[in-house]
Amino acid sequence: GSDKALNPFAPKPTVVATIKPLALLAQSIAGEDFTVVTLLPPNANPHALAMTIADRQRLDDASLVLWLGAGFERFLAKPMQQRRGAQLELGSLEGLNWPAKSPADLHLWLDPHNIAQALKAITVELTLIEPLNRNVLDQRLASALRELAQREQAIQRELDAFKNVPFAVSHDGYAHFVGAFGLNQLAAATRLPEEQLSARRMYELQKSLAEASCLVVEPGDHSGVKLAKVLGVPAVEVDPLGRAPEITSITTLLQSLTTGFKHCFNPRNRS
Amino acid sequence: MPDFLINALLAAFAIAAVAGPLGSFVVWQRLAYFGDTLAHGALLGVALGLFASINVTLAIVLCCMTLAGLLFLLQQKPSLGDDALLGLLSHSALAAGLVSVSLMGSSVDLFAYLFGDLLTTSRNDAYLIIAVCGAVLGLITVFWRKLLLMVIDADIAKVEGIPVNLMRILLLMAIAIVVAFAMRVVGVLLITAMLIVPAAASRRLTTSPEAMAAGAAIIGAGAVAAGMWASFYYNTPAGPSIVLAASGLFLLTLLKRRQ
Amino acid sequence: MPDFLINALLAAFAIAAVAGPLGSFVVWQRLAYFGDTLAHGALLGVALGLFASINVTLAIVLCCMTLAGLLFLLQQKPSLGDDALLGLLSHSALAAGLVSVSLMGSSVDLFAYLFGDLLTTSRNDAYLIIAVCGAVLGLITVFWRKLLLMVIDADIAKVEGIPVNLMRILLLMAIAIVVAFAMRVVGVLLITAMLIVPAAASRRLTTSPEAMAAGAAIIGAGAVAAGMWASFYYNTPAGPSIVLAASGLFLLTLLKRRQ
Amino acid sequence: MLATNHPLSHSAQSPLIQLNNINLSFNGNPILQGINLNLNKGEIVTVIGPNGAGKSSLVSIIVGLQTPTSGDIQRKAKLRIGYMPQKLTIDPQLPLTTQRFLSLCGKSAALKTAVQRLDIECLLETPVQKLSGGEMQRVLLARALMSKPELLVLDEPAQGVDVAGQAELYHLLGQLRDELGCCVLMVSHDLHIVMAQTDQVLCLNKHVCCHGAPESVSQHPEYLQLFGKKAAEDIAIYTHNHDHQHDIHGDVVEPGQHNCQHDHSIHKH
Amino acid sequence: MLATNHPLSHSAQSPLIQLNNINLSFNGNPILQGINLNLNKGEIVTVIGPNGAGKSSLVSIIVGLQTPTSGDIQRKAKLRIGYMPQKLTIDPQLPLTTQRFLSLCGKSAALKTAVQRLDIECLLETPVQKLSGGEMQRVLLARALMSKPELLVLDEPAQGVDVAGQAELYHLLGQLRDELGCCVLMVSHDLHIVMAQTDQVLCLNKHVCCHGAPESVSQHPEYLQLFGKKAAEDIAIYTHNHDHQHDIHGDVVEPGQHNCQHDHSIHKH
């Protein structure tokens, strides 16, 4: 009702995605028929976001809200409970792959299989909103899935040589990628960035990471960089959120991750 | 006006109304640290609530009330100042919360529980806040004179037959309950700041305790209105904007030279 | 002993040593809230530092020192208690930090800055901490008598020719600097708790200011040792374990009946 | 009645408060020892004694702020006590005018009377925290009056009150006793006034040295030891002629131990 | 010298402190008006006056804690001041024995002398916060002495001190003046002692009512107005016979306004 009145210049239905990877997913299906909005600023922390009124208004105005789940975008838990409009909680989709070691990890867009599931679900939701565009949407889905499959194979080939190279991560956000491509992750230092280490854990990490090629950290994870320094392994930045502006699709995001991990595995690539 | 804005304003005004008088007592009794202590206690509450698998809000409320009780007991030993006691409780509760999370290998990020957001208030949340704030406001009004006599001088009050200890625990519990309920709905920052900042601003303008309490409520309400407007106009987060608006009002009162 | 443990212990013992005397002043001067205020100020410092693209540690130190200066100025208007002033500054700084982050669309997770981790202290970090703590400890020792006279009664001290205002700002700056440097290395919780808890525990055992300061340092060191051991043995996070150990020592002192 | 041999228990009606063999000690140091005391309606009882004698502690016990280490207290049911402590510090953060401070504890009619009585109209708008030492004493007395107490307890009420005010204060206490028929218990160092205005004097130095009417007390050997012979005669302090007898006055602290109650042996003559 | 016509400026040496036309007001209320005062070595000067007369305020200005609204103060270079405030509250969280408290401001030899002088050996181990009212006054005086001050400023030093202690305190102040040759400035309500022990009396009631030697002051009309004729004669308060002349004493507040300085008109006879 009042949503349209507050936003008269948006003739196209909007899809609000919480973070950039989800926006990339939505964009590949939505094309020009929807306005896709990313709720979080490129580098904000989804764990502790304080919304502005405009953010809140965007949520209410959205035809579809695309998010991962209360375990990831905590600030959305309550608004989504109350929401009457369409929402797609990717974390609760059927038929997803979950990594064995950290079954609750919601960085699920790092696994091509999950990406495919998500794309399909998004197509269903968008079709419900704009039934007349069904054909176009289906075509976009098909081409997106094709591109994804190709990229997956290419990455598989690229990473094959490094399957046994041991490495560690600072905080457990890469499990889906690691699982999908069968990489040899020795350990994750912490589950969450805020978590503090125990002396025992530190001791064990130091022993088990003796042969690790690197510690993978997110951009801006200063504690991770410090940890790597103390443990005596190089820190390599890999960005699961694809913050870099040249990342414009989910496949380029996967590719950038691959490049990042190769930096870790291949000492010559590191500076 | 969109629904979420109505809910947010309802909750924020209710909090401003009760935070005025309650905050005045906080300032008089030097309990400014108490809000933070309760927030840290809430962390422990969440951890224990998950452990004992009881309702998390209930666990938080229980934990906050326990902290209020502990503070009351420690206050009976007069060798430490209130601020040091609160600091002690605050840090111990936070540390205990962090340790128990780690021990339980709990899968929730406890900090999330501390960051409510005013703009995500639902209508039911707003009603809950209004009910809690109304009840506490009623209690304070009923016991106003006794509470005030206790603040002025506990010894004289005691001799004159006022149940000083009861009043003290009533005050601590009232603060604990308001903070515990409001925290999850509107966020720790907003509720703890609303207790202190408007009362501090009002202190500089008024000459009677009643005026200070009422003034604090009015300044709080003004800060809510101004902060919400700023949040809309400058696209800033709502809670922090309200707090900044209140601080701005305090700065304005510094211009007043007298007293 | 692994390197990381040596570094951590070096840093933690240095902090315990300076936090003993400094924390005693914090307790006497009712500044327990100051640590938290500085932590919140650090958030603002990070945001502004990124904005002005200066070194973040420098920005934090500057911001903390500004807060100390502000507190000093506000203390000159005696109509508000220290705790209310600190609460005001604390919440305003936090709100300002959150708002400026939001306005700048800043690229760092500010909360990470607040949760340093003792165990990731590098050798250079440890040296830095030791240097800062040593310098502050030296300053306090040199001005001990004057600081103490100021604490006892500022008026008498002033008449006797002690530069009371200078001493006061010295104390606030010393706290600000120790907290600002230590915060990024060992985490906010550890440094702020180490200021209050050992001093509070020591208060109950001692009968002279010097003994209280020294006792606080010793209790702090004991808590570091016990906490580290527990962290290793029970696999609990190091910083919070040390804080809990200190709280445990405080509880032990409650058993002592006298005084 | 336990304290039948007690000179203060002469009244026929039942006393307002009855202390039986009260002892108080802090950390093992005895502060009060074996105190027996009855307070009756219409009496003015003054407690005198050197610094640290335990006068304030006794008052705390009587008003119920301090629990004695041992002994028994009996209070008349629902006794209305007006209390004026030795010192009072009110938080400067509380905005409170004298008017409001007084109005907190009684009706406006009572306020008006009390204010007129103590001549403090012009202080009504002043914040209580800004009152000068003597002004505060007057306001506290007004406050204690307003509640129409049956027992009025004052710990050094004349402290810091100016010369003229002191005389009037004691005069006023006498009037009050007559009008309200209340009992007044006060602590004072002002022997002149005490002797002139008091019904009963209790001379305290950890134990009760002596008690009774002023005339009888001022002849009592223990009183003479405490305050010097000359003081008893003309109560003129500055002409006080030292009598070194007092260096050990019959104090019941552990025997053999030097008694440390500042027996005014400062000027070694 | 500006204040040449000032009776207190009789000394030949240059004064320790010289106040010229000092005014002080809070929020527009005048507290002190046109005060001229010289303090010289070896003098005992007592400030008397009713409650709220501004005595403590004047003392604050002299020791440098309060800045006057207008007027000029000249201090001897590097003047050592010993100060004893009207009240002192020490944070209970500070563990501090009396011994340590005293030792903070002087050598142990000076401490020993001061402690013996004031007979407070037995208080040395007591925490300062636990001292009784009068005990604290003694300790504060000991403290003020230890620094061998050139100017000793005491705001109602005898407040709460017991009868015997008072006499000795004033006696001691006289001795000190002789030994150290210091100037003693004190505020007191105790006219008896003031008149007996003081060189110069300053009678204050916002403005300086009168000043000079005790004998001359006690004959001064303004003094008589403030304290009553009888008081001037025998300084015996309890026989004080009221003289209603004093209801308006020549105060320099806004003319026509009722002067609100508690002109002890409480007992309307």
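A, B, C, D and E are the chain letters, set down in written order, and residue numbers restart from 1 in every chain.
Operating definition for what follows: a contact is a pair of C-beta atoms (placed from the backbone, for glycine too) under 8 Å apart; a residue touches a chain by one contact, two chains touch by 3 or more.
Chain identities (UniProt): B, C = High-affinity zinc uptake system membrane protein ZnuB; D, E = Zinc transport system ATP-binding protein.
These numbers were taken from a predicted model, which means no experiment stands behind them.
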Chain E reached from chain A - shortest hop count over touching chains = 2
Note: chains that touch chain C and chain D both are B, E
Please identify which chain has its centre, taken as the mean of its CA atoms, farthest from the centre of chain D.
-> A
Chain whose average C-alpha position is farthest from chain E's own | A
Rounded to the nearest whole Å, what is the centre-to-centre distance of chain D and chain E, using the mean of the C-alpha atoms as each centre?
-> 26
Averaging C-alpha coordinates per chain, one finds the centres of chain A and chain D separated by a number of Å equal to 78
Interchain centroid distance [CA atoms averaged], chain B/chain D, Å = 43
Which residues belonging to chain E are in contact with no fewer than two other chains?
-> 91, 93
Per-residue overlap in chain A, given as positions that touch at least 2 other chains | 48, 50, 52, 194-196, 198
Residue numbers in chain C touching 2 or more other chains?
-> 27, 30, 79-81, 84, 98, 102, 111, 203, 234-237, 239-241, 259
Mind giving me all the chain pairs that touch?
-> A-B, A-C, B-C, B-D, B-E, C-D, C-E, D-E
In the complex, go through chain C and note every residue touching chain D.
-> 78-81, 84, 258-259
Interface residues, chain C side, partner chain A - complex = 2-5, 7-8, 98, 102, 105-113, 115-122, 187, 228, 231-241
Of all residues in chain C, those that touch chain B in their complex = 26-27, 30-33, 35-36, 77, 79-88, 90-92, 94-96, 98-99, 102-103, 111, 189, 192-193, 196-197, 199-200, 203-204, 234-237, 239-241, 243-244, 247, 250, 254, 259
The answer for chain A against chain C in the complex is residues 41-45, 48, 50, 52, 193-203, 206, 220-223, 226-227, 229-231, 243
Taking the complex as given, what residues does chain B use to touch chain D?
-> 27-28, 30, 145, 148-149, 151-153, 155-156, 158-160, 203, 206-209, 211-212
